[in-house]
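What follows is a pair of complexes built around chain A, which joins chain B in one and chain C in the other.
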Partner chain A sequence: MRDLRVRFPTSDGVVQACDGVSYDLSRGDVLGIVGESGSGKTVSAMAILGLLPASAEVTGEIRFDGRNLLELPPDELRKVRGNRIAMVFQDALAALNPLHRVGSQIAEAITTHRPAIGSSELRDRTVQLLADVGIPDPARVARRYPHELSGGMRQRALIAMAMANDPEVIIADEPTTALDVTTQAQVLEVLEEMRERTGSAMVLITHNLGVVTVAADRALVMYAGKVVESGEIREVFAHPAHPYTAGLLASMPRLEHEGGSLERIAGHPPSLMHVPSGCAFHPRCPRSRLPEPCATAIPLLRTLLGPGHRSACHFAEEVIVSSSDDPSQPTG
Partner chain B sequence: MTVLSDDGPAKSTGEHILEVRSLVKHFPVRRSLVDRSGAPVHAVCDVSLILARGETLGLVGESGCGKSTTALLALGLLPPTSGSVRFDGQDLAELRHRALRALRRRMQLVFQDPFASLDPRMTVGESVAEPLRIHRLYREGGPGRVRELLSLVELSPDDGDRYPHEFSGGQRQRIGIARALALGPDLVVLDEPVSSLDMSVQAGVVNLLAGLQDQLGVAYLFVAHDLSVVRHVSHRVAVMHLGKIVETGTRQAVFGRPLHPYTQALLSAVPSVEPERQRRRRRIVLEGDPPSPTDPPSGCRFRTRCWKADTICAEEEPLLVERGDGHPVACHFPSVDATLA
Partner chain C sequence: MGTDNQGRAMWAMVVHGLATSLITVVAVLAISAVIGIAVGALSGYRGGVVDSVLMRLVDVLQAVPAFFLAIVAFAVLGSGQDKLILLLGLTSWTFLARIVRAQVLSVKEREFVRAAHSFGSSGTRTVFRHVLPNVVPAVVVILPLLASRVVLIEAGLAFIGLGDPNRLSLGYLISNAQPYLQYYWWMSVFPGLVLTCLVLGFNLLGDAFNDVLDRGPAPSLRASRARARTRIAAAGGSVEVAAALD
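Entry: the complex of A and B
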């Protein structure tokens, strides 16, 4: 993905949902995109699959296997979507059709891309997919309707559907957010197993830093439509180089620590219609130097010491030094 | 049924603001074409809790375990099937309307969704003033009290003239807290108070709640599914599974030395943001889904998902018993598992 920009013109002004997002995803790689609501993380993923509303103005380049997905004609894109790139949505109840049996919806995902498949093979493949995602008694579950399944089972069914054509890339948008921690652990395990079996790469979009730590190799932190930090999970979470990442990590209550006061980030996330000038984080940043450079110059995402560790902060070097100085980051 | 006077028994020793004893709540399920059983949902089964003044009790469990129902029962907003709730020594079931209403002033609720729980057509000041008006306390110094409450939750006193849509989620939750504190309650029930907030604003609300407790001495019943937040805010913790408390104790005991396999599974399922720790520790991934509350398993309700389950677990229900350490657990085979740390 190169310099993806997505704008939504509305009657009240232009919403700049994605503002120059770039990243690479290699085969078998898991990239975690972290951000709060309105950071542009979901929009960036929807753009890959051409699922944005027609009103969206999209520029940039999303190269998949040598072709720019943004320039593919609709029928070519349809051949890719759900086949070579598949998506797992957050809300399985909304993503599944309530009027059709789970099995027939998975079968449809297969026949859309393999119309010639025989009916017995189709049935076997459907049941096999449900078994692969750890659904007990898959033949019986295939005949059920979505509302008859629990949240965890529905999410598994959705993963089975995404895996129907052995995709090369899975885009999982908050796949565990609606689930309890125990079910979340199950679903993450299933995703990992399926990914290993097929060798798929995955873009995992989440607001949960813990989920990223468990499931991803690299992280991309987004704020107000921009990537503010990226790199290996180990680097980014142990030595955050952007005040927003550092702030998020310090503000999280952790199971390992108790009591005391949490570090808090002042203010709240900006509206994408009124993104602050310069660095969008400057009004909330404890390190900002005003007015220059933080309120006047947009900091570029640049590479730091670590391999592939990038930060978009004017003072990234200072942030990374102070975060390394203090291994017991969360005070208290 | 014996009729008791409205003022109820004399004020208790004053140690416990809330005492819940053997609370049971069944919800009837109507027979339908799909479910012919008509068996009631056993939402809450024999739950006992105590909450001291100025203390925070965290109530955790998966969705559907009955924690929110327990909270509503504790506030007297739902009638229990059996069992009792005593607030400051007075049994809610024995109180008549007026006395109950007077008591309600002292117990308040903060909802999960700050977008749904404020009337969009009322100014923030009106919303915060509403409880004062209802209890006829607004006439005397009401506007001043509203400004004071808004400052208390770290909003500007002038924000009272604005409407809810002008505020972010975190600010709205502060308004909800100001409203709950308007009448100077002794107990505030917080039902998932931060789970719908953006992560960068959660910490601010958590800190605010802790600060208010120090300042006002209010007790919190903190209902949440996020164990990290519960660990952070609670003095004591009760872990609920399928309508029952399976383990309870101080936060140090429950989180530091969890004894019930369910508590251990819950804790191990919380992803750590420390990559090294994440790699080191063992994770327990439970098989399958929680059983249905209309037809819970015999004996121990966790046994169908438990790796320690033996024959006794199906035959005999483990009682929530203390072994002299102030850390009761309802398990036939309680033990500390060092590999989970």
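Entry: the complex of A and C
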């Protein structure tokens, strides 16, 4: 993905939901995209499959297998969707059609791309997929309606649907957010297992840092539609080079901190219609030096010491040093 | 039920009149359901110019009251049940098209429609498999209301002498009984009662569907919207009733 920009013109002004997002994803890679609500992480993923509303203005380049997905004719794009790139949605109850049985919805995902498949093979494949995602008694569950299943089961069924055609890329948009904590861990495990079995790459979108640490190899931190930090997951979390990442990490509850209150990032994420000048994070940043340079110059994403560790902060080096000194930060 | 002024059995005539009403209703509903759902789905799903053109057509058709259009048409062309069915079928779908369109607009924003797209489902397939089945509840609630309107229009036309001359109609029976109201009360009361029960029955059926579908597994905005629309439709329906009985 190169320099993806998504704008939504509205009657009140233009919403810049995604502002120059770039990343690479190779086979077997797991990229975690982290950010608050409204940071543009979901929009950037929806753009990959062309699922944004018609009013969205999308520019940039999303190359998949040598072809720019943004310029693909609708028929060609449809062959990619669900077949080579599949999506796992956040809310499985909403993403499954309430009127069709779970099995028939999975079968539909298969027949969409393999219309010639025989009915017994289709049934076997459907049941096999449900078994693969760890659903007990898959043949019976296949005949159930979505509302008859538990949240974890539904999410597994949705993963089975996404895996139906062994996609090369899985986009998981907050796949565990709607679930309780124990189920979250199981579903993540299933997702990871399925991914490893097929060797697919995955884009994991979440606001839960714990999820990213468990599942991802690399992390991309987004704020107000921009990438503010990216790099190897251990590197980013051990030595955050952007005050926003540092703030997110400090606001996570940790076992070794008994009692006391959690740190928090002051203020609210900005409206994407009125993004602050210069560095979008400066009004909430504990380190901002005003007015120069934070409120005037837009910091560029630049490479720091570590391999592939990039940050968009004017004072990234200082942030790294001080975060490494802080004993409360997790190391590695 | 006795006999009429010419000695014909009232019971047999009421049964045949009821049959006329029901045949008309079923045929009209079939025609308007097909056209209404097709136009509503196309309009709601496509949006844009298609939507504007189709909805303006609906506006124009809805501006013409079916009852008076029927009077004019039958006065010119002569009456007949087939003509009545065609005329009502070709005019009353507008009501349904609006409701289907509104439902499609809300259903197509739901996550599973986006999910279907993300799995590579084509537009047509998405509409038939994911959008329309979710529109059915609203249609089921509305159809009985449309049915009661059709019954009243059919009976009303027969009452003023514009019914099919070859078929008995409840409206004709009531009109025929007028000169004998003082002497043979049963000539007007029984067809009138059957007509009332039929219309009331359709309305209660609509309410019952509404209640049942309201208690479905996913009570949502959809249900409450359908309820609001039913109320509006009922209000609109009663205006029509007034017009039909004038």
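Please note the rule applied: the second predicted complex is superposed on the first by the 327 of 332 C-alpha atoms of A that agree within 3 Å, B and C clash if a C-alpha of one lies under 4 Å from a C-alpha of the other, contacts with A are read in each partner's own complex, and residues count from 1 in each chain.
The working rule: a residue touches a chain if its C-beta (ideal position, glycine included) is under 8 Å from a C-beta of that chain, and two chains touch if they have at least 3 such contacts.
Because the structure is predicted, anything quoted here is derived from the model rather than measured.
After superposition on chain A, the partners chain B and chain C are seen to fit next to each other with no clash. Chain B and chain C, viewed from the C-alpha centre of chain A in the overlaid structures, lie at an angle of 80 degrees when rounded to the nearest 10. By the touch criterion stated above, A:Phe237 is placed in contact with chain B alone, chain C being left untouched.
In the superposed model, A:Arg27 lies in contact with neither chain B nor chain C. By the touch criterion defined above, A:Met87 lies against chain C but remains apart from chain B after alignment on the C-alpha atoms of chain A. For chain A, the partner touching the most residues, choosing from chain B and chain C, is B. Our summary of the superposed model lists a minimum C-alpha distance of 11 Å between chain B and chain C. Touching chain C in their complex are the following residues of chain A: 49, 51, 78-83, 86-87, 89, 91, 94-100, 108-109, 112-113, 145, 147, 158, 161, 164. Across the complex, chain A is touched by residues 62-63, 168-171, 198-204, 206-207, 210, 225, 227-229, 231-233, 251-252, 255, 265-278, 283, 285-286, 288-289 of chain B. The touching residues of chain A, when paired with chain B in their complex, are 36-37, 136, 150-153, 180-186, 188-189, 207-211, 213-214, 233-234, 237-238, 244, 247-249, 251-259, 261-265, 268-269, 284.
Residue ranges on chain C touching chain A, taken from their complex, read 110-112, 114-122, 125, 129-130, 133-134, 217-218.
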